[in-house]
Amino acid sequence: MRVVRSDGPGMVRLALHGELDLATADLAGRHIAVALDTIPAGGPPLLVLDVAGLTFCDSAGIDVLLGGRAGAQAREVDFRVVGARGIVRRSMAATGVLTLLTTA
Amino acid sequence: MRVVRSDGPGMVRLALHGELDLATADLAGRHIAVALDTIPAGGPPLLVLDVAGLTFCDSAGIDVLLGGRAGAQAREVDFRVVGARGIVRRSMAATGVLTLLTTA
Amino acid sequence: MSALTAHLDVPLHHGAPGAARRAVVAVLGGWGFRDPDWLDAAAVVVSELVTNAVRHGGGCIALQVEAHDRRVVVSVADGSSVVPRRRDPDDVGGRGIALIEALAENWTVHNHEGGKQVRVMLLPCPGLEESSGSARGGAA
Amino acid sequence: MSALTAHLDVPLHHGAPGAARRAVVAVLGGWGFRDPDWLDAAAVVVSELVTNAVRHGGGCIALQVEAHDRRVVVSVADGSSVVPRRRDPDDVGGRGIALIEALAENWTVHNHEGGKQVRVMLLPCPGLEESSGSARGGAA
């Protein structure tokens, strides 16, 4: 799991690369928590998770994405998952959370 | 197995990419045979096999390289394997043909 | 040879799901099951089964893959006799069995050496000839 | 759990060596054997054994991997009772057993269901703790 962070006014974008599962869930969750606590000023706060670089995501990974959304809501940060494709998108769709996670 | 051919005066360079084993030996052997029969004029004939892009080579692969050398000798073509590294180099060394194949 | 099996002991650790699915994908690819989307679904099923065995199962984990013609069954045994049950999902889980049900044909639970074995029958793999003995014996 | 085993049926085709070594590398990685050079050598040994079984063995091929603490044994069984013998290498072969001998500790041949099983003990994997139970139970 490689996480690339880029900051803009009022927003953080985290690009996740690799496989999101039991082995990487904690690490991804920590990156998301840190991002939520350190969003730059300059606009309505937004966290974007770019998952285009993920090649795998199972329910442990879905739980991380949902945890990110819950953490964002608690901090009144807008949250959106972008770039889901292949098995990552299918896992999100099959668990019924694709729309929830990909619309702001 | 991907094979990239580049021609120069009197010489052909074949760059092998992927894994050289039972599954790819025939294909690689055919590329080598065609190259030996179609070396451009313009200098003393030479065939270079660039194996830097190989990630695997077992004894079936070594046999292909040795077959290439034998075919080159029969046609009075100079022959050299370049770029061997990692397990490809170790397989060549362990079978005692590293020097034979890498020196002209 | 119309029935093929693979068996694999899996030590309990958080890298187990990844190792197990990589092994299973390599095995199934070698058996002639090559459809990438189908292999992705098989990988998710294996990952869910092993993750649940690591989290809830305890004891040794044994993974089995069986192919009977076009049908593939993957099973994971663990040392707990507790039977998995679909639960209401929340922010911290409860989607593993739902994902298995969405991506596979069915799942069953069997007694296994004091613990249990969860068996999942995968959907038929597209693109295999009906007589898959020959399909699977073919060239890579 | 200090002994781990994996078993895998391998259909006879020219993609079998590749499929077998990918599966074995995934399995060994999941068991905590992570040294890349050592895994490369393991892959070559598996490839040689399966290639020989495809070329000379006949019948079904069954691959087995066993880890007892730091020692790993890979075995391939086939349906021929002919015992492999190192032969004088020429331009078209004869280097498979030499390569196994160079990269592994030793090899033995055993009777197996009417055919034979060739067992190869690999060299010890570098970087594993002496008590590999804990090393292999650790994080990925």
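Of note:
Chains: A, B, C and D, in written order; residue numbering restarts at 1 for each.
The criterion applied here is as follows: a residue touches a chain if its C-beta (ideal position, glycine included) is under 8 Å from a C-beta of that chain, and two chains touch if they have at least 3 such contacts.
Not measured: the values here are computed from a predicted model.
Each chain's centre was taken as the mean of its CA atoms, and the one lying most distant from chain C is B. Centroids of chain B and chain C (each the mean of its C-alpha atoms) stand 41 Å apart. The centroid of the Cα atoms in chain A and the matching centroid in chain C are 27 Å apart.
Residues of chain D in contact with at least two other chains: 14-16, 18, 139-140. Taken residue by residue, chain A touches two or more other chains at 23, whereas all remaining positions touch fewer.
Interfaces, counted as pairs of touching chains, are A-C, B-D, C-D.
Contact residues on chain D toward chain B in their complex (touch as defined above): 14-18, 21, 37, 40-41, 43-44, 47-48, 51, 54-55, 89, 91-93, 95-96, 98-99, 102-103. Across the complex, chain C is touched by residues 19, 21-23, 56, 58-60, 62-63, 66-67, 70, 86-87, 90-91, 94-96 of chain A. Within the complex, the chain C residues that touch chain D are 1, 4-16, 18-20, 22-23, 26-27, 29-32, 60, 136-140.
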